[in-house]
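First up is the structure itself, then whatever we jot down about it.
Lettered A, B and C in written order, each chain numbered from 1.
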Amino acid sequence: MTRFVLGRLAWMAAILLGVSLVAFLLMRAIPGDFAIAAAGSQSVAPEVLAAIRRDLGLDQPLMAQYLGWLGHALTGDLGTSFVTRRPVLGELLDRLAVTIQLTLLAAVIAAAMGVATGLAAARLRGVTDWLVRLWNGLMLAVPNYVVATLIVLLFGLYFPEVTVLGYTPFLENPLANLASLLLPAIALALAVSVTIAENTRAAVLEVANQDFVMVARAKGLTPATILRDYLMRNALTPVVTAAGLKIAALLGGSILVETIFAIPGMGQYLFDSINSRDYPVIQAIVLVAAGIVVLVNTLIDIAYARIDARVQM
Amino acid sequence: MSGPAQESGQAAAAAPAGAGRRGGLGQGWPLLGLGLAMLALMLALTVFAPLVAPYDPSATSPDSLAPASAAHWLGTDSIGRDVLSRLIVGGRTTLLITVAAVLIALVAGLILGLAAGYLGGRTDEIVMRLLDVVFAFPVLLLAIAVVAALGPTVPNLILTIAIVYTPAMARVVRAPVLSVKRWDHVEAARSVGMSEMRLVLRHILPIVVSPILVATSLTLSQTIFTVTALSFLGLGPPPPDPNWGGMLSEARQFMELAPLTVIGPAAAIVFATLTFIIIANGLREVLDVGSVR
Amino acid sequence: MTGPLLRVRDLAATVTTRREVIRAVRGISFDINADEAVGFVGESGCGKSVTAKALMRLAPEGASIALGGSVAFWGQELLALDEVEMRDLRGRRIAMVFQDPMTSLNPVMSIGAQMADMLRRHLGLSGRAARERGIELLDLVGIPDPARRIDDFPHQFSGGQRQRILIAIAISCEPDLLIADEPTTALDVTVQAQILRLLLRLREERGMALMLITHDFGVVAGMVDRVNVMYRGEIVETGLVDDVFSAPQHAYTRALLDAVPRLQGAGATR
């Protein structure tokens, strides 16, 4: 087990390295001069341009630049924004906090909705099952930004007095914070909850067919006990791990949802920085976002392997 | 060593020998038929777009934000352009990018997956590790980053999306290849001296076809999402090409005044996505791939 | 407590799955007395397992069973009970041991926990008491070092041991009747004899009635007092085990007997 964990962590480090390389190369692949982008305007004196080049290390070989950038990144220096001229790290962390709040809320909603509907479909069957599956099938076809836009439209048309856009920080007003994140979280959660529902349904159906569930019934245990200890404990393990892997989808989707609901998170930061050609920021966001996804996926892989070892035999 | 498996890879590669029970949202053939009909409709509309569209999609008019009428079935947008025409022409670009990108990803995935699966050993490891790095990125994030770096032209979009979805395709191909490699009749053919290439083509490829078809369909549906999301964020095909995501984004400003400007593109996006999902599910049941109860 | 422990009259069971409807049991009648062991022998599909499940009113997942006839347990009509009352009975008065020990235990619960939930449910034992009783039971069925192994998980035991544990669970609440459905079929030959001996011993120690279901006539020899031979949902022959062995009346019974490998030779004719 320890060997596996170490191996997995080493693998994670390797992927992160690859991710950083991709993030770095992407920004160096842009057409046009990096230095000009840094300067912010086309008409800049050549001496200034040369100074900028030296400053950013652009006169060094690519590999050296990459290693320099990587070294800085590992110590927390993610560069300086072309637009604000301030360190990227500070702004990024603030935005990241907001995105994490949104993503966590969405994850909770998705899990609750998904497990509940999946369980209902699997145990109640009949019409409920059919309805749930229909809903699931349709919802998979509606992208999260379409849902988000439609929600804003709905409120705009029928509840114009309710503010759906914007964000209130938690420390300012916890309740308002939750209210401002609720609708975007739902928009974000919907598609993911559908996948969780399908997984839960399949898992519960599969477990319910197992011999040990029949044995549990023959023992005269109450349905509640059987559901909790025999069905869910076995069904949820694969569901939870599959759900955890959806973090990637949630992070990707948050880019769109934040933009629509005017939430100042990392997604909107990315959007703004693309529009303003703020390359150090884009680079940093790509690195951090991908890094988080890789980290979470690795942790889930490890957790699942530990549980799976038990179930294996 | 395997990392997280995205939807299409995991589902389609799960059980190529078919452990599924038919049922669920409908039996195989009607579902597949429905999906193909929807696809035919979309293709007909978009291929003949210039003929089908009632107006020039770029033609502005003073009649802005108009509701549905006989003249404009879906109304007009904020500068008087006919929504329906823009949807039809926009569909053309969207589908073009989608299909082209997925085809490239398919071919690349086939080559890489066959190579990795069949040759095994170091080749397999190296190829899979490289793909894992690409795979580690959230799809949209990577697409955004690449398009932002290279610039949002149609060829760049196609290339970006192809890159993003190649790892998943390769995985889907690799899985059955790994298991088929050891089958008896493959061993037998090899012992008789059949050349490696013929072996791959005649024995291994057919096994791979079913999950690949399903995965391609699923990837097409996911690509619609990615393409329209990119254009929603302003990273889509540049104007004057209309595109669904961009239409949706532009419409947000005045959407309470003219809901159709939002509902139109939304419905188109959902329709296209649904088409490929239905085809994927239909194929899955008809070809008996994986287990979907 | 009136009459025999179990009196079954004209029991009929129709199993309905998504695809088909099967009349698995077509009107069988038999008795089991309080300290008797009765064998049910027949090939797969003859309805013996369905009979056992019918007695417990357990339908397989995804199927429903329609029952007819009468099943009187100590004079009480089981088919008239509602699910809640049936649940109180299961495990407490009638218990069952199933065929495949590898899949009959919950993989994510310790065996101690799987014993305790039953003890808690029927006998109201909590925590410490349940654990001690569990250790006693493990010792009773021959699991070595029970005090330490009670916290182990199913995958840490062999097939034979798991079956012992399942038997321990089944008898933990002192049921009046133990139904054993092919308890040795999934085990190695050497282990089979051990399990059968265990069942025999427990029966003698507790005076518990035993309903032993199997497709193998060799298993019931020496284990039961009477035997019912089932074929296609009906009982085609019944009688004391020695009588049936030595003078089978029905052609099917003869065929089943012929199928038993005769290594020992003693006591078996033809």
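Criterion: a contact is a pair of C-beta atoms (placed from the backbone, for glycine too) under 8 Å apart; a residue touches a chain by one contact, two chains touch by 3 or more.
As the structure is a computational prediction, the values presented were derived from the model and not from experiment.
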Assign the assembly's chain-to-chain touch graph to one of these shapes: line, ring, star, complete, other.
line
Which chain's centre, taken as the mean of its Cα atoms, is farthest from the centre of subunit A?
C
Note: subunit C sits from subunit B at a C-alpha centroid distance in Å of 55
Which integer distance in Å separates the CA centroid of subunit A from that of subunit B?
21
When the centre of a chain is set as the mean of its C-alpha atoms, what distance in Å lies between subunit A and subunit C?
52
Which subunit C residues reach two or more other chains?
none
Name, in rising order, each residue of subunit B that touches subunit A in their complex.
1, 3-5, 7, 24-25, 129-130, 132-134, 136-142, 144-146, 148-151, 221, 225, 228-229, 232-235, 248, 252, 255-256, 259, 262-263, 266, 269-270, 273-274, 277, 281, 291-293
Under the stated contact criterion, what part of subunit C meets subunit A in this complex?
56, 58, 60-62, 87-92, 95-96, 98, 100, 103-109, 113, 117-118, 121-122, 153, 155-156, 166, 169
So, in the complex, the side of subunit A touching subunit C is made of residues 208-222, 225, 229-230, 233-234, 237, 307, 310-313
Touching subunit B in the complex: which residues of subunit A?
11, 14-15, 18-19, 22-23, 26-27, 29-31, 133-134, 137-138, 140-143, 145-146, 149-150, 152-153, 156-157, 160, 195, 201-202, 205, 245, 248-249, 251-253, 255-256, 259-260, 270-271, 274-275, 282, 286, 289-290, 293-294, 297, 300-301
